[in-house]
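Note that the chains are named A, B, C, D, E and F in the order they appear, and that numbering of residues resets to 1 at the start of each chain.
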Amino acid sequence: METLLSPVVLFFVLGAMAALVRSDLAVPEAIGKGISIYLMAAIGLKGGVEVAEAGFTMDLLIAAVAGIGLSFALPVPVFFILRGLGALTPVNAAAVAAHYGSVSVVTFVTGLEILARQEIPAAAYMVAVLAMMETPAIITGLLLAQRYGVAGSRPARELMHETLTNGSVVLLIGSFAVGLLIGKEGFIPIAPVFDGAFRGVLCLFLLDMGLVAAKRLKDGRSLTPRLIGLAIAIALANGTLGVLLGGLLGLDAGTAAALGILAGSASYIAVPAAMRLALPQADPGLYLGMSLAVTFPFNILVGIPIYIWLAQRIAS
Amino acid sequence: METLLSPVVLFFVLGAMAALVRSDLAVPEAIGKGISIYLMAAIGLKGGVEVAEAGFTMDLLIAAVAGIGLSFALPVPVFFILRGLGALTPVNAAAVAAHYGSVSVVTFVTGLEILARQEIPAAAYMVAVLAMMETPAIITGLLLAQRYGVAGSRPARELMHETLTNGSVVLLIGSFAVGLLIGKEGFIPIAPVFDGAFRGVLCLFLLDMGLVAAKRLKDGRSLTPRLIGLAIAIALANGTLGVLLGGLLGLDAGTAAALGILAGSASYIAVPAAMRLALPQADPGLYLGMSLAVTFPFNILVGIPIYIWLAQRIAS
Amino acid sequence: METLLSPVVLFFVLGAMAALVRSDLAVPEAIGKGISIYLMAAIGLKGGVEVAEAGFTMDLLIAAVAGIGLSFALPVPVFFILRGLGALTPVNAAAVAAHYGSVSVVTFVTGLEILARQEIPAAAYMVAVLAMMETPAIITGLLLAQRYGVAGSRPARELMHETLTNGSVVLLIGSFAVGLLIGKEGFIPIAPVFDGAFRGVLCLFLLDMGLVAAKRLKDGRSLTPRLIGLAIAIALANGTLGVLLGGLLGLDAGTAAALGILAGSASYIAVPAAMRLALPQADPGLYLGMSLAVTFPFNILVGIPIYIWLAQRIAS
Amino acid sequence: MSLQGVERTRIEVLLDAPLVPELVRLLDKHGIHGHTVMPTLSGHGASGSWDDDLITSAQHKVTLFSVAEPARAEAFLNDLRPLLDSYGLLVMIGTVNVLRPEKFS
Amino acid sequence: MSLQGVERTRIEVLLDAPLVPELVRLLDKHGIHGHTVMPTLSGHGASGSWDDDLITSAQHKVTLFSVAEPARAEAFLNDLRPLLDSYGLLVMIGTVNVLRPEKFS
Amino acid sequence: MSLQGVERTRIEVLLDAPLVPELVRLLDKHGIHGHTVMPTLSGHGASGSWDDDLITSAQHKVTLFSVAEPARAEAFLNDLRPLLDSYGLLVMIGTVNVLRPEKFS
């Protein structure tokens, strides 16, 4: 409830409602793209600056390994669930699975905001973990597709290169590095933009996300009720797994919750672009519908509070 | 004079001058659209937050009724003036009349800035009034067109829906609601963007508006000296009417001035889009020329100060 | 070294590296254009406000004359060097020469940032000098082309008009005038955007510049090693000349450094657009490659520190 | 010169953005269920010059093209004629070859 | 297959944005008073690849199309030929049918 | 009506942005070394409606056109056929006249 009154969430709801009443409200694509670049640069920077303060800890290493492990492993069970309960073709199941192994930057950022509101801050290094979790799932997804006789359309080497140099990965890691280099001192002159303006800009971005997600949900032909159910169940399962693993590894409540949010979130930027290229036979309406139109809103409105609640129970 | 030295107004003049000397200065369309979304979200939010503080008052109700009334009524006299003195065809007269019954968001915002500079603040709820005044005039305009034998090109129901779900209306009312929900407390973290940055961003937007308005004035074929004169006279008449009504209803000076500014302003976003669709036979060069190229600059440079001056005389 | 740790420079490096690893990271063109409009409005405003405080001094006049003189004169030696050592055709040599006589806004702004970091502020009026130095070089370039039998494709009058009403010139001078008019008082309400946000936004712009410059360097067919060497040598020579002249004229260290940065920088906005139109036979890949892909990065990373170091030695 | 594929009629219309839904409705009415909308920057014609400023979308022009089976295109165009002047449409009709004709019934 | 409307020549030119006014002047000179400009994103040719960065508009490419009466088009193209190389133009000429031929004299 | 210039085949493809490099590779393979990419805004077809949101580029559609020597175009299109369904391509083939044929071998 408390969560739902955060302006960030309310703007998402506003955007979704605007789309549902078929309003012509629309954020120009260039603005949406520009804002998401800003958001990634900002969280990268802030993460780097804070790690520069706190220094590299054992926890950082643990969380990183855990995150990468989850990104590699999660697509496998998801794949079989989608094959079985979802009755998806191997190629579609593999493509969707990759999305759920990877992460959603905005879900993570929104989660951080809510954690901050509730004064259960997550460790700064989780931004680095976010960046590291984006791509491993793509590899697993492609291996699954191959394993089931779907020839990827492109040489593995090129694909590797494309996923590792994906814009969001480069920007997150790059600005994280910049943050490490400049430290708190160097951050002060640019703080008004990258810190002060952050929450407000995030509101505008979620307004856009609400519009986009709801539009997709409306004319998403590929989405069956069963698939919508699976998109929610998988998010919950992955998120819970993430939180439990975090607790098991002795991460504090906020950080465990963040790991859960990452595990429970599904990519809608890096992975779709990679899948469209690597598995063109897979249906984009399907994987974007599930990740962007179902899992994303679910996590923003319901998932995040659950993961946080869970983390508070088990961690400590 | 004092008004003319507000940076907001000066940037408008700069933009207009750049266009008049045929400079190639141009603000990308996506930026202009993005900024206007930001401005509407910001004034909606601020209005909501302040009303959350002040609570719903009788004045709010009075101003709302007055505003809606004006928006419905003003197009009628304007229509006949345009038919008579302007010698416009019924369809053109009806289309233009709808613009003058409706309102201009940026004129309103600029007015608020100037009122603030002169420490005669208008009541926060006027933002809600602004939103409510956008669409009634469209209905009157279409009824006038029908009354004079111009068949609107689309079913009334659809049209109703399109005007009520118009992006700017949804965004203004929606962010007003968000403001009500979050209150002063919730506004603090996003204040740097939606309050701190507001005036500066408004400057950039008026730079753009200056460019656009002056360009239109230059190659506006549909504009005759007589129509230019009418565009000014109608603005003055409507504005004065608005102020007087405000005073009559016992609104304070700032609020009465704001009502005058709304009445005197002409729409150039919601209404043109609706008219292009509903009365395609009407000449867009005509109604956009009058509202955007004549009335808007007039109000920014001359009208607003007059309405304020008038409001100070009569109110109190 | 110290310079290289400024976030502004680091973001430039990040952008360049992203392009070199062939990342798909890209800033939408509308955003890039919008930011550069913001940057020019901001430095214009700040310059005007500060001059309104300091008043017009003799130094201002001296610096202005020196700057205009440099812009007119520098293309001549550059032209002959390019003809001789560069073995360029007259038309290409003339086009490139015009770029080096003119200035780069972002190089200048980055220079101011670095000067501020090192507490050797440059005089505020240098913004006006920046604006005045943009266009004279274009005239010299065209005269050189004519002198060597290349007929410009357009009537001189039109060309004059186009260069003098170039968007960046109008915006810089216009917002400088606005700054003069509003003064420190009037600047306060818009300071959060035009001052507070400045450094942060500049970081994002340099991220974009890094991407663009490195991309050009990668697939810049027109660039030979020799031309790359000349692009660096000319920048160094012009920059040194600017600093020395500044010292000779008794400007303080910061201001002399700024004059050097202006002299050493090469235009990549106003001049290329003008040359494409006036000397269509000239190769855009050549002049944009040299100014944007070689001289710009060189000045950001190496040139600026050198000019500053030199200015500190000689001035005072 | 013979091209691959099957001949279809390509209709391209330049119109104000707010009118797109109207045109799509008209296409549907004639059983033409596919179209693509593309952006424009500026233009000049009998009614003067325009330039793309999204500040008001009323005159924000776009082009819409639709590839259709000739007979349907014919019927659609007949219905479109009366709107040409009031909507201020620029209509270009041509022939293109498509590789999957069944998609363009 | 016979199409509705009257045949006109459609000239489409890919060029750098700063050159548009030049081209329009040339069209006017030949009594062709209508054109539309459209945006582009990227491309590749003999002189390498380009990508749309508005940071500098000098090489910001756009396409301009104009529908004209064949004879006028002919005359315009003859005037255009000498500029092809220096301006680096890509010119495509085709035939389209228009519904209001009088608008495309 | 005879047009100036020399006939070439113009291939226009509507496809998702991430697939552009693939298509360019295929063009190169057939010795077609020139192309231009243009933006789109929205569309509708058998697989539903789309609207341009850059939030995810996976379905961000663009059009790519390439003017090529007919024989090469022929060969390219034969290679393209198998990809049509999986890539969800819209392919339009036509004839245009170009003024500098040597550039479009």
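Simple rule for what comes next: a residue touches a chain if its C-beta (ideal position, glycine included) is under 8 Å from a C-beta of that chain, and two chains touch if they have at least 3 such contacts.
Since the structure is predicted, the reported quantities are computational estimates derived from the model, not experimental observations.
By the document's definition of touch, common neighbours of subunit A and subunit B comprise C.
Because subunit D and subunit F carry the same sequence, their contact can be compared by residue number, and under half of the numbers here are used by both.
Among the remaining chains, B is positioned farthest from subunit F, on the basis of C-alpha centroids. Annotation: 45 Å between the Cα-based centres of subunit A and subunit E.
Averaging Cα coordinates per chain places subunit A and subunit C 40 Å apart.
Note on chain placement: the centre of subunit C and the centre of subunit E lie 34 Å apart, centres being C-alpha means.
Subunit E and subunit F have Cα centroids separated by 19 Å. Looking at subunit A, one finds that residues 28-31, 33, 192, 196-197, 273 touch two or more other chains. Multi-chain contact residues of subunit F (touching two or more other chains): 38-39, 54, 94-95. By the definition given earlier, chain contacts exist for A-B, A-C, A-F, B-C, B-D, C-E, D-E, D-F, E-F. Residues of subunit F touching subunit D in their complex: 7, 9, 12, 14, 38-46, 61, 63, 70, 74, 77-78, 80-81, 84, 90-95.
Within the complex, the subunit D residues that touch subunit F are 1, 3-5, 10, 24, 33-39, 62, 67, 94-100, 103. Taken in their complex, subunit A has these residues touching subunit B: 5-7, 10-11, 14, 17-18, 21-31, 192, 196-197, 199-201, 203-204, 207.
In the complex of the two chains, the subunit C residues touching subunit E come out as 29-30, 32-33, 36, 153-154, 208-209, 212, 215, 219-221, 268-269, 272-277, 280-281, 284-285, 288, 292. By the touch criterion stated above, subunit E contacts subunit C in their complex at residues 16, 18-19, 21-22, 47-49, 51-59, 83, 86-88.
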